[in-house]
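Next come two complexes, and both contain subunit A; in the first it sits with subunit B, in the second with subunit C.
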Partner chain A sequence: MLIKEFQEKITNVPNYLKSWVKTFTGGLTLFCLLSLLILPFLSQNLNFTHVFLRVFTLAMIYSIFAASWDFLTGISGQISFGHAIFFGIAGYICAYLISYLGYPIWIAIIMGALGAVLAGFFIGIPLLRLKGPYLALGTLAFSLVFLKLFLMGSLSDIFFGSEGISALPKLSKDPVVEYLILLILMIITFICIIQISKSKFGTILKSIRDDETGAEASGINTTRFKVYAFMLSALFAGIAGSCYALFITAVNPTGNYGTVISFFAILMASLGGLTTITGAALGAFFFILVEYFLIVAGAADSVYLIFAVILIVVVRFSKQGILKPLLERIKDLWDVLLGR
Partner chain B sequence: MIEDIINMIFNGTLNGAVLSLIALGYSLVYGVGHIMNLAHGAYFMLTGYLLLWGLRIFPGLLFLNVIFVVAIVTIIGGLTYILLIKPLQDSQVGVVLITFGLAFAIEQIVLINFGTDSVSISKYLIFTETTDFLGFPMADQSIFFIVMSLAIVSLFALFISKSKLGKSIRAVSQDREAAVLMGINANRTLFYTVVISALLASVAGSLYLPGAALTGPSMGWSYLTSSFAVVILGGMGSLVGSVVGGYIVGFLTSFTSVFIPNGPSWAHLVPLIVILIVLIIRPRGLFGKKEIK
Partner chain C sequence: MGIILEVKNLTKKFGGLTAVNDFSFEIKRGEFIGLIGPNGAGKTTVFNLISGLEKPNSGSIRFDGMDITGLRPYKIVNKGVARTFQIVRSFKYLTLLQNISVSCQSHRGKEASKGVGIDKYASSILASVGLVDKARIPPVILPHGDLRKLQIGKALGTNPELLLLDEPFSGLSHEEQQNLTDLIVKLNDDGLTIFMTGHVLRELMTLVPRVIAMHQGKFIIDGTPQEVANNKIVLEAYLGKGSEEFA
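Take a look at the complex of A and B:
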């Protein structure tokens, strides 16, 4: 039954793609992806390219992370303020496996992501009794505890103390290859998450988000699905976390478990629009580019402050995020230009 | 051994005194408006740093500085309500996001101005001596704080039960629509509630922090987490619960610090373990109900 459905879907893919590209968002997305694809090869000046590539690679890591957060909070309605946990656990597991146990890179990344999934399971179960803001604070509490555990006190020595593990290998020696690997990972992640949210599973999650009592009354085992949502979100967050560890070639408590990281996920997904998964990518790229320009302009210290203010303003004035309405304006313009 | 026990009791009471004040404000706002003000911990932290700043500029005038700082933070609380919370009242996600953003912004502002080092305001205390009790030195400032905390809690209990505003607050927390029908301006009441909670947090901060260290701008988060644990333990919306829960969590933390090996490291985990246990065993908390008692 499932196989037949799958076969039908596969044969439909070319038609689906064609009609998708013809829509405005589809075409725009394809254009962005293609331009991202050829970006490394545009300039002959390798140093210049490498810097830009690193910035974009980081943006892609963050977009995977933000998309996973958006999936949990926007689609499933489970507000998570401690997403840094999954990010950090995956990073640490990956780092530990590579540095201390000599695992090959890709196995370590997968193990890191699986570790994050386990964490999602163990965190989801107790926190499931909480709803809304309680859940947000519960996840925040968890992430703070992890941060402290790894950062201070004598327990932290088991966990490599405040310096963490360093000297990790990168995904690849060549920044271009790193960039392309992450681009592919990002595309796969987004396709997965978007397809999942459009599927029956996704609809169930949305129904839990909108009206949990109603969903339960319809016979859905809300607990089970909520745990699934946590685990799935943790999977992608974990992939992002492992890649980040390899990108920075080190892990340490504040860098991987800090509240800043959770803040990033929230900020990027909110900028792009809370329930749209693609918004997370837009938010991530917007954030990284603005951050880069701010640093270059010399305001490095105030970067986070400015973004916090942006978050406050965006949430205050527009729940849709600023980028989606912007896109719609552009779309209207496009339509006008084409004379429709 | 005796020293350890006295240490634990004293510190437990001290922790409890702080936590009960902070959790009181937090639970108040939740009980009345179903709002979680994630910036509550930041108010506390901000008080400490503003005091530090003020005392660096005007060293001798401790009292004036305290009044000034408390006023500022209270005003910030009021502004939080008017600008941020009220427009977003219908959306729980929105309120949580925006107060998180605010807390983060406050942390960043403090971080930019003060850096991450641990600082101490103890140079400016009034009570700089310690009393010895059975061989254990207790800072006078801490004793002063505990007494003041109990006094404030009692005053607050009087306020809530006898004064007109207190009764309005209780009414709105019990049933907002009915309160509005009875002629209570729920909006105004909620505003005062947020202001009072900020006031409580900053008074707690200005009395407690001169005796303790300011461990960095991110200390607000740990007080927020602890107050969340207290409120879950005591029951959301129950003021009695916040006070009692505060002391329980305070004692649990000091017990862990003193008597468990590697104590201080495990002590960080206490709020979380409390949250987990309460959620699994009795999610309602000790005194949990919808109204304020």
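Take a look at the complex of A and C:
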């Protein structure tokens, strides 16, 4: 019965895609993806491929990370202020497996992500009874504890101390290939997260978000599903974390999962629009590109200040994020231009 | 027709306040029973204890012979006890159909929907409460009466044998009340045991053949609406001391 449903869904995909592309957001998304696909081939300039392109690659890593956060907080309603922990644990496991045990890159990435899933399980369980701001604080507490563990010089034999692990290989020596790998990975993970959110399972997660008591009164084991939400979110955050470790070729306590990384996830997903998932990509690209241009323009110090202010404005005035309403305005403009 | 719910010596204290005090009663399968008492009598607490939202300090609750005292709410639902809430709650960012499909994914709901699939099953429940034309709408724009029907639909999604309705008529217009009454009576006629609370007595007393009355957490009387309405203690509870002179 399940196989038949799956077969039906697969045969529906081409039709679904055709009608999706015809919608404004679908067409726009396709346009963006095609632009991203073409971008690396626009110039052979070394500065372009080794510096500018890598900004986009970084944005794609953060897109996956922010989307994983949106899945946990926006779709499942479990507020996470400590998402850096999944990002960092995956990075460290991946780095350790490659550096110390000689694992091949892709196995290490997957193992890193699975390590994050385990962390999601062990973090989700004690935090189950907490709700709202208390849950957020609990996640923050966990990430701070782990940060301390890794920073402690006395434990540096086990946890590598403040130097961490370095000299990691990259996903590919060619930054264009690295870019394309991450582009494909980003597309795949986004499709996965969006499909999970739209499924019956995703509907249960949303019901827990909207009214946990009501979900329990509907016969749902909310505890179990909350843990599932943590584990799935951690999986995708872990994929991003492993890729990040290989992107900067090192892991260390400040670079990989200082609390500011948790803030990034919240900022990017909120900017783009909570619960939308695709908004996370918008927010990530927006943040990383604006940060890059601010740094190039010499205003590196004001980056965090500017974004903190943007976040405050977004939270105060627009729960939907600023990018989605902006898109709606653009769509209206597009319709007007086309004379509808 | 056995006993479907057996409550014995149920007690619940919140700090110094005893909300439910040594409360006992039985309900037979297929019955339609009202639970009345003035505001604060402890009716919702009794429901919370039966449905698992609260754990009693002492006493026992048996459903269909099984001890369900203190179990987690979702487990009690999956044994066959569903409830609605006094203050209407819904999954506000889901469509009506999705609201119901969530309860159809409980163990009992999945069993019941095995043949037709969850979406069709949820649709049929939505139709039975008269909301199928609003299937793709989120609850935000629904009138109060429709929200109460939605709640019942969500409860029905779990394929219950016993339905607890907590003040289902409060806030409804006369027409909405009549609408809802017809639905509830039909559910009972189809075999669902219904246990309903209310503190506005007019509709309830004309509707149910048997009433349990409580006041300040304690059991007063269990009988026909006429017996209960003429009971001294019930009258005092609602109207104050000395009111039996006015009965």
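Throughout what follows, the second predicted complex is superposed on the first by the 334 of 340 C-alpha atoms of A that agree within 3 Å, B and C clash if a C-alpha of one lies under 4 Å from a C-alpha of the other, contacts with A are read in each partner's own complex, and residues count from 1 in each chain.
Here, a residue touches a chain if its C-beta (ideal position, glycine included) is under 8 Å from a C-beta of that chain, and two chains touch if they have at least 3 such contacts.
These numbers come from a predicted model, not from an experiment.
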{"item": "Which of subunit B and subunit C A:203 touches, first, second, both or neither", "value": "second"}
{"item": "First, second, both or neither for A:114, with subunit B first and subunit C second", "value": "neither"}
{"item": "Dominant contact partner of subunit A by residue count, subunit C or subunit B", "value": "B"}
{"item": "Partner chain in contact with A:37 - subunit B first, subunit C second, else both or neither", "value": "neither"}
{"item": "Touching partner for A:215 - first (subunit B), second (subunit C), both, neither", "value": "second"}
{"item": "Touching partner for A:28 - first (subunit B), second (subunit C), both, neither", "value": "neither"}
{"item": "Overlap of the subunit B and subunit C footprints on subunit A, listed as residue numbers", "value": "none"}
{"item": "Complex interface listing, subunit A residues touching subunit B", "value": "73, 79, 81, 126-127, 129-130, 132-134, 136-138, 140-142, 144-145, 148-149, 152-156, 259, 263, 266, 270, 274, 301-302, 304-305, 308-309, 311-312, 315-316, 319"}
{"item": "Subunit A contact footprint on subunit B (complex, rising order)", "value": "36, 38, 83-84, 87-88, 91-98, 100-102, 104-105, 108-109, 112, 218, 221-222, 224-225, 228-229, 232, 236, 262, 264-266, 268-269, 271-272, 275-276, 279-280, 283"}
{"item": "Subunit C residues touching subunit A - in the complex, by the definition given at the top", "value": "51, 53, 72-74, 77-78, 82-83, 85, 89-94, 98-99, 101-103, 105-109, 118, 154-155, 157-158"}
{"item": "For the subunit A and subunit C complex, residues of the former touching the latter", "value": "200, 203-204, 206-207, 209-211, 213-222, 275"}
